[in-house]
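Each chain carries a letter (A, B, C and D) given by its place in the written order, and its residues are counted from 1.
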Amino acid sequence: MTYNINQKGFYGQFGGAYIPEMLYSNIARLKDSYLEITSKASFKQKFHALLKDYVGRPSPLYFAERLSEKYECQIYLKREDLNHTGAHKINNTIGQILLARELGKTRIIAETGAGQHGVATATVCALMDMECIVYMGSVDIVRQAANVSRMRMLGAEVRPAESGSKTLKDATNEAIRDWIDNPVETHYIIGSVVGPHPYPDMVARFQSVISEEIRIQLKEKIGRENPDYIIACVGGGSNAAGAIYHYLDQSDVKFVFAEAAGLGVETGHSAATSILGKPGIIHGANTLLMQDKYGQIIEPYSISAGLDYPGIGPMLANLIHSARATVEAITDQQAMDAAFSLARTEGIIPALETAHAFAVLERKKFLPEDVVVINLSGRGDKDLPTYIKADLAS
Amino acid sequence: MTYNINQKGFYGQFGGAYIPEMLYSNIARLKDSYLEITSKASFKQKFHALLKDYVGRPSPLYFAERLSEKYECQIYLKREDLNHTGAHKINNTIGQILLARELGKTRIIAETGAGQHGVATATVCALMDMECIVYMGSVDIVRQAANVSRMRMLGAEVRPAESGSKTLKDATNEAIRDWIDNPVETHYIIGSVVGPHPYPDMVARFQSVISEEIRIQLKEKIGRENPDYIIACVGGGSNAAGAIYHYLDQSDVKFVFAEAAGLGVETGHSAATSILGKPGIIHGANTLLMQDKYGQIIEPYSISAGLDYPGIGPMLANLIHSARATVEAITDQQAMDAAFSLARTEGIIPALETAHAFAVLERKKFLPEDVVVINLSGRGDKDLPTYIKADLAS
Amino acid sequence: MNRLQKLFDTKQGDILNIYAPAGYPKLEDTMSIITELDRLGVDIIELGMPYSDPMADGKTIQDSSQIALENGMNLDVLFQQLSTLRENTQVPVVLMGYFNQLVQYGLERFLDSCVKVGVDGLILPDLPMEIYSNQFQALFEERDLSMSFLVTPETSDARCQTAAQLSTGFLYVVSSSSITGKSGNLGEDQISYFEKIQSLLPDTNKLIGFGIHDQASYENACEYANGAIIGSAFIRALTGDKELSSNIEEFITSIRP
Amino acid sequence: MNRLQKLFDTKQGDILNIYAPAGYPKLEDTMSIITELDRLGVDIIELGMPYSDPMADGKTIQDSSQIALENGMNLDVLFQQLSTLRENTQVPVVLMGYFNQLVQYGLERFLDSCVKVGVDGLILPDLPMEIYSNQFQALFEERDLSMSFLVTPETSDARCQTAAQLSTGFLYVVSSSSITGKSGNLGEDQISYFEKIQSLLPDTNKLIGFGIHDQASYENACEYANGAIIGSAFIRALTGDKELSSNIEEFITSIRP
């Protein structure tokens, strides 16, 4: 059994491309060319050169001594927080901007939640001198103000999405509308392993550099490529997909995904998609989706703008559905506590999204010899106002 | 002729240790042991392991294609902005915290201007589980609020310095007073190549990893170790010292330092130490110093908290004095423009300090084949409010 | 043969299809609007099933959908409201919505309900032709329910032909590559696109939609197809300053004086 | 032999050295304070040369230095004020300041000015003994100017001996490893430190400073040395609620009733 994508763009029952005709030619062109373009030697060379010299890859795999002592196992942190712009998101935008150039596009649009994907997109657009429009929920514009400033300074236009919950889902709707309006010269850089095929696979491939490096680094450090656990937070799922990609078919490597439980799974203020969701279609893919019995999408809630999404990438939906991966639902408060604990134990302030992954350590019991890799998907600079407010309140 | 430190702790006429007796035993112990401790294999191993896995070194040397086109020369950026915590400062704090442990210290104090050194110190203290007090001018606490939040989240206590100009110089005074008060259990981690011997040399050695890497990386990229120019901003001078360390005696490598001219060298609101300063003693070292005819230290001014210092490291004072290096005085506005230009051209938002180095590109004329290395000492997240305010005003 | 097909059998030009969101402006307005449009001689009514995330629609439709949902509209209510549809009128009615609504309701159950209340066809912009033809076409045909697919200026000739073939009501010709709700006059590019479609598919029933908003654009569209679809402009008219029925009458007579 | 050395020749115990910043609280107060202290029988006056960045001093001295600088105090003004010093008093006067002040003024010019106005010695806390003995000692000796170095609990025995040897006025025994201005009573550690200094340097003139603030701490210090230095406590008293001279008198009589 393979957990990778099939010829038709599906992971098991999940995936596909449920898109209006207005997007068809763009998506079809992408689907027909992405593997060819990205496997050309010249593309690979450019991609890897930028990842190395511009992004700062390989990102370290850091043995967290004090954290390991605290949780009585062997904890390694994959330091995506050290990437240029501060999260894993840039791996994907570097890939997509090169692809967009190959496709002859001159204008870039993107959606963003936490702003990290928006910043990563604005960054590569500045680098390649392309016009850049980023859609962002107006709620997120407020709670991730620092990233809004960064995007503007990088020359991008940030357009507020005012519909629905005014968060990531709605920003995605607006970006799709923009693409429908501007199909010829525009490429849409989706920021996670969501959306219609081929996006989930394309983004996962660009992010798979994470697990490629983990394999080499673990081998160097402990003599074997496979950890016992990989833990990652899941919004759309791109950092998780990247961290597990090369381990999909290694059944001795267990995957644990941290979802945002918000105020609690049962409270009605949650973004715990895999627990609260059923199969359904969002943004062009069949996946697990928070929805009512009429298929209306339920507005999610999480303190973390990057996890505040009612769907999940189809690859991950399939892994969860087939019990290849387990999920832990982490509340706002648990994530907050985990962020402070990491800061005080290892001197690393994680993104609020990432903090959800660290909260898993409080949940699961590991053996002393278990090798646990946590994907440190981003740094917390953007979340300082939230952290400080919480600290003052407590 | 060597530009390195001599046996007595001087660079030419500059340097020394003009300290009160209350600091003598601490400084003497440091002076007598720093070379021995830092050259032990076990120390080196720990230092380099942390630089690699925790800090994320080597930092890339990135060929900036669009910037090179714009300025018609070959521009390489040394990406200290990609280090953990976002600036070169962490190279030094990693070294000093390991040294402090060897010396049996349990409490750490530091001064900070931009907050980067404070964050870097708070970070290594969290990592090593040590008490941490950071002194910071109350003016800087306001203008670098994000870094104050980071220090607090990392568990450090930030104590405001209310005297004088309420900036870096005054924070340093307070830190020295604290050390005088607590000489036994406390180590003072100075954040730049300033202060009494052996600090300038010790910090320069910890930062010299920058030029060590540049040599290797340039050799790899262009087949020779030596660039034609190295450009760095200078507050105290630690990033500059690190970037030039291995080139000190290579006379074909020209050094250009960017100082903060504030509102203009002649306006009375400036921190252009090497232009406005004369030899004098500050914080224990004889160096170039902004002072009146009575030796009273003049309060400096720069929009950039990390350059807002009336002195300069004695190593750099000597290089400037002996014409080994040249200095460009960059105004607030020129630095600001350079920051926006870098953001829009290369997708990199530099620290306000670092932006001064980039403004040099507008000043100097290079040959098309000139290889110019700019030390990108830090990222600009901490400066976003300042950048945005300037952008709105213009 | 359903009412939609019958219509095209008897009328080949100047067909006016009006889009209205169900349950908007008030929950109970659905049937009144249908009745009124029928009385005014509108040829086809396209009833929007309000959806939380209508990605193929513009702001006007999205906002009205949102209000309809807040009014309490859902598929159970809608089929309830439509239970008297054929007591009052024989105007062809098609439902427009998003595929997930059908999936969650149960696809066959949904189609059966359509048949029961007398709906004639469907438009599901996010259901790809491939999936439809592979998995669902038979279910539609069994029930004599029409289906309409969209083509755009970016759609290849081959794909236009497939769309035409699969469309049993009419082919939905998107006037420009842009979201519903934009309005402007026909440009050269659009005209040559319409001419291409015309020569490629001379025998297909075609309605032009997106951006049609007044008499001029309606008449213009009718030159290149069997008729036109008006959505956003009609929605905006619904909340004009008069009573609902006067607002409707005023708008329709402005299109077809 | 200068006045300082003469003092220790004639008086071996209970010496009271009062530190006062020049030009504080008002610019013109310098001479009045000296005169008043002399009148009250204070043995030595240590006059602070206000400095912008007095790193060896605590907050009280720093704040008063700042005010003195704002009052317009500088070395030219100071020597001008002191030009009548020896017309009025023969109390030993030492200047305390930071080395950079002397460097910028011109070291020899500074020493000459001291001699000219009748200053007897200097305390320069940031001038290391090594630099002094290598470069400047002769200049001081030529002019019969005394020098005082500091020792602290952290100072090694050998270094204490060097300090004692180089100190031609008195050895400044820092009572605890802490900035001036802190106050508290003597602890066991301090007492054994004083006893060590006493037995190591029985023949050296020693004054204990830092933290001496009232009669008890003064008398306590006098048990272990030739006397004591009071700084911050006196500065605080200067701005008491009476007139300057009354504030001074009240403070001095509280120390030595």
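The definition used in the following text is that contacts are C-beta pairs under 8 Å (C-beta built on N, C-alpha and C of every residue); 3 or more make two chains touch, one makes a residue touch a chain.
Everything numeric here is computed off the predicted structure, so don't read it as measured data.
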- Query: Counting one step per pair of touching chains, how few steps separate chain B from chain C?
  - Reply: 2
- What shortest step count links chain A and chain C in the network of chain contacts? 1
- Task: Would you kindly tell me how far, in whole Å, the mean C-alpha position of chain D lies from that of chain B?
- Result: 37
- Query: chain C to chain D: how many Å between their CA centres?
  - Reply: 96
- Note on the structure: Distance between the CA centroids of chain A and chain D (whole Å) is 66
- Task: Find every residue in chain B that makes contact with two or more other chains and list them.
- Result: none
- Query: Among line, ring, star, complete and other, which best matches the way these chains touch?
  - Reply: line
- All pairs of touching chains, each written as two labels joined by a dash: A-B, A-C, B-D
- Item | For the chain B and chain D complex, residues of the former touching the latter | 16-22, 24-26, 163-164, 169, 173, 176-177, 180-184, 278-284, 289, 291, 293-297
- Query: What residues of chain B sit close enough to touch chain A in their complex?
  - Reply: 52-54, 56, 59-63, 66, 79, 81-84, 86, 122-127, 129, 146, 149-150, 152-155, 339-340, 343-349, 380-381, 384-385, 387-388, 391
- Query: Where on chain D does chain B make contact in their complex?
  - Reply: 51-53, 55-56, 58, 62-63, 66, 69, 74-76, 98-105, 125-128, 131, 149-152, 154-156, 159, 163, 174, 177-179, 182
